[in-house]
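One structure, as structure tokens, below. Some questions next.
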């Protein structure tokens, strides 16, 4: 129900449905790890909840992000968390937004966006979700991703003078 | 006049000793009582029943260094704890513990105690101000508004009792309550007034005593979950010790006043028990009241500052004013 | 106006109920144990620091396979062994447990396939020196055997 | 130490001790007054005021009027000083302004004026031949009460009206400032 | 007339009154803030009260008059403190200062 | 409580509540801009005990990370471990025996009761009442004794394993748990009489810090913070996991949105947890506690997995990004109080400091869990 609605709403962001599936999505199947994984293309994928724990997985480009989050906001989702993943082999950083609903009509939506590792800039969603503030600050200090338009982008958990980003894969303590 | 002045000086010395002893052992009683309420044993290692704990604590406090925070007003910082003890000790002078045990009975005894009690809040103001600490500062602002708010119903209720007794002499007030338990001011049956509102004025007076002595649930001045330790945040060693003793001395004074004004002072509850000396009954009532103080402290959560002021201005003051008018009417009619 | 008085009344009643409860508690027995004078026995599965299990001869069961060392998430185990002349099995010569880093997860005990490690019931450990918590378990075993 | 010791009571007699206490009391009063007017910090001034007023209460006690002495403590220390310290806390929360004399010349000039006035009054008082009466009031609260409600009932009423108006006025002024 | 019997002499009390009065005058002239002036004014009133009480004790045919006057002065002082302080607080709200010189503009 | 006094910025001062303050229960610091007793602005400063569990997760193998979860929230440790083991089991397809799942549920609920009891005591202590803490600790001690007899530790349990449990429960535990339930119900009645009914307590919490549903949604609040605002949300019901669908229990929801509602929700949750424990003990099947076939080395296939569980403090989410290796590629721990605490800054504006600290107490904070 709500999943379907959200899927349709999010689908509008991607004018042409992407036919191909990136290898990373094929969980459960045994894959040869030697094969270099291609970065996944933008698009919307429905996931198996029993395996992955969420329903919709939308990868958008950074400039589509606000649009996608607005759709989620209008469908009355709450923000669960924001985090990053460092895909060092692809030279990319991924920002993952988790959304869920205060409802028995279960639907978990994951919105993700990928940015260049050397120039990680993502628009902030604090204007839509005030609670994204801390999550974005945390992602900023752990990954060095800049959230443009963030009201108070200073270190939250790390010391004030920390100039490193510990969750980057090339960080060695 | 000259002899009485000497008496007063001697009495002050005795009062200091009494206050200090009481304060020390009330700390012990408080800790034991709190522990029992919380099903713990409490201090029980030093001496029998832990009775050596207070002197040892005192020695520890005195052995510590008195630190004065930078930027503090040194003179006031040191003067404040002394000022906290001063009114309580002065008040002991005029309290009649029995028919014969009184340092200096004054015919304005009631006034004397309230005059000195009212200076107590200034100690908190000075302590809070001179510490140069924001928590202490906020605490002293609270202490002032609290003192102003609760002095009024307390005085009005006292005036009610004074009107019934027709005297401000503490001994005279107690003498009029002699007979049996039913003659005490708290019970309106056989007493002087037949005022049915007396139990209520007892409750008002007792509540005001709790508030005036900064005891839980009215301990907003030192609300440790908000203001860390309030006005004595910056005090250590004997400065803290004096505040502590001052608090307990004030409790003793407040309970003495409650005993005298409402519970018949040194009078025995039943006439045939009169062979037991009055001091026994006085101290029994006094320590029962103090036990209630302790009991209340370990039962209730703390009020808020506006809840406290609302209680005073919206409930206690109107009720005590009504009580005053009612009593005046009764006295006029009968 | 009526609510004014009923509020006061109910408030007072609630206060007296609370005082009644603490009054009852005042006369209930204490539930605490005054610790240094009385102690409780630890339950069977209590997790103190680990210790070596000895066989009948008083020698440790350990065969120095090093599984516990690998399993430990905090790298607090270091052990060494040597093959004595003519012997078949390796013999433990050193088993150091850095208890300052141990988080008592039990991975080492679980990983041991030779019944050589167990949790002790030791809980009275206090020291002001860090070095006191670097245990030589072999030595401890010898002391225990004495 | 004192040449007129012969006619005076011994220092260690009871009367002598009373005299010593009175002198201490005097010193407390005057010193308190000086602190109240000279200290830079207003809170210290309030402390001085309290010390001074306790001294004044002692003076009243020596004038055989314990009731007025206690009223002095109750009203000045318990009420007026508390109110003043309240105002200090509300008005100057961070103690930004140290409070001293207004100008370099005001201090000496003020001191001269004050000294002249005080000295003049003292000389006037000492020079005048007052008719001291042997009759001493008994300091009883009852007499004062009866007098207040009979001969001086006008004063009594006036006090009540003044206090009432003061309370109302204070409320009105403090309230109206709040909306600005 | 010894220094130890001063408390039995009318002149002593009159001099105390005069000294308190003088201190008060000095304070009122030199203080810059309104609260300081108020404190000084209280001292002046105290000086007057001491005089009243002294005359009441030593020379009055009616032993109550002076005491009643002193009580009256106390009530007036309390009222004055209340009014004065509420004015001070109102002034502070207006000017963010309790310095008498900052508040010359009395247009409100 | 909105301030009736117009706030003027030049009259404010900064008050540092924390990092060492009796009301913050740990090293939390709130920089408050105050106007007298009123808070004009507040900024929460966290991270004083940040330990970077997420990075530890990336360098440790899956079993080695097990014990870290109990260090996150030292009061309700088992709930967090539960989320972790469920996630890894889901990702690597390990079947869990039914008995193990039941025991897990019982343990988690016991731990939840223990955590709520401690919160109850600490919350009342924040409000100035000391004795309820001691009573709550007595009941909690009973739970800890039971848990210690099974798991071996009292606070930072390392009990759940991938696929099952560290060791089985015995009859002593079952009988102790059965005895505990009526005892706890009796204590709950006492707490309600002593604390909930108390007029002072009531006046302090009623109408304090109302949180709208919209606000909860925007900040992602969960647990009692959401349920006290009338949001019917509990991961155990909304997104059933483990054996929770087998149990009959209710989600307590209160619509007053204030601190008192949050308090009531948690107290009611204790009762519901007792119901779950009761049913769990009744339905407890026999069987093994570890699966028969379990991969020696846990290597979840590459992919992105998410698991949410309801811990004592709210909806705990754990995300695993696996590249098929021995260690996780990325492990994200979404802690519930992180979101709940985030609310504080915005909603405490204009409140008095004592109300704000009562509100902070009602959020049920465990600082290591915020900082991770």
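In this document, chain identifiers A, B, C, D, E and F correspond to the written order of the chains, with residue numbering beginning at 1 in each.
Just so it is clear, contacts are C-beta pairs under 8 Å (C-beta built on N, C-alpha and C of every residue); 3 or more make two chains touch, one makes a residue touch a chain.
For clarity, every value in this text was computed on a predicted model and none was experimentally measured.
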{"item": "Neighbouring chains shared between chain B and chain C, ordered by label", "value": "F"}
{"item": "Comparison of C-F and A-F (more C-beta pairs in contact)", "value": "A-F"}
{"item": "Separation of chain A from chain D, taking each centre as the mean of its C-alpha atoms, in whole Å", "value": "75"}
{"item": "Length of the line joining the C-alpha centres of chain C and chain E, rounded to whole Å", "value": "73"}
{"item": "Inter-centroid spacing, chain E versus chain B (mean Cα positions, whole Å)", "value": "32"}
{"item": "Interchain centroid distance [CA atoms averaged], chain B/chain F, Å", "value": "43"}
{"item": "Multi-partner residues of chain F (at least 2 other chains)", "value": "13, 131, 135, 138, 194-195, 198, 200"}
{"item": "Residue list for chain C, restricted to those that touch at least two other chains", "value": "12, 15, 18, 21-22, 25, 31"}
{"item": "For chain A, residues contacting two or more additional chains", "value": "none"}
{"item": "Chain B - residues contacting chain C, complex", "value": "33, 35-41, 44, 203, 295-296, 298-300, 315"}
{"item": "Touching residues on chain C, where the partner in the complex is chain F", "value": "10-12, 14-15, 17-18, 21-22, 25, 31, 43-47, 71-73, 103-107, 110, 119"}
{"item": "Contacting residues of chain D [partner chain E, same complex]", "value": "2, 4-5, 7-9, 11, 15-16, 18-20, 22-23, 26, 29-30, 33-34, 36-38, 42, 45-46, 49, 52-53, 56, 59-60, 62-65, 67-68, 71-72, 75-76, 79-80, 83-84, 86-88, 90-92, 97, 99-102, 106-107, 109-111, 113-115, 117-122, 125-126, 130-133, 135-138, 143-144, 147-148, 151-152, 155, 158-159, 162-163, 165-167, 169-171, 173-174, 176-178, 180"}
{"item": "Complex contacts: residues of chain F adjacent to chain A", "value": "46-47, 50, 52, 54-55, 58, 87, 90-91, 93, 213, 216-221, 226, 231-233, 237-239, 301-308, 315, 317, 319, 321, 323-325, 329-330, 332, 334, 338-339, 342-343, 346, 371-372"}
{"item": "Residues on chain C engaged by chain B in the complex (per definition of touch)", "value": "8, 12, 15, 18-19, 21-23, 25-26, 28-32, 34"}
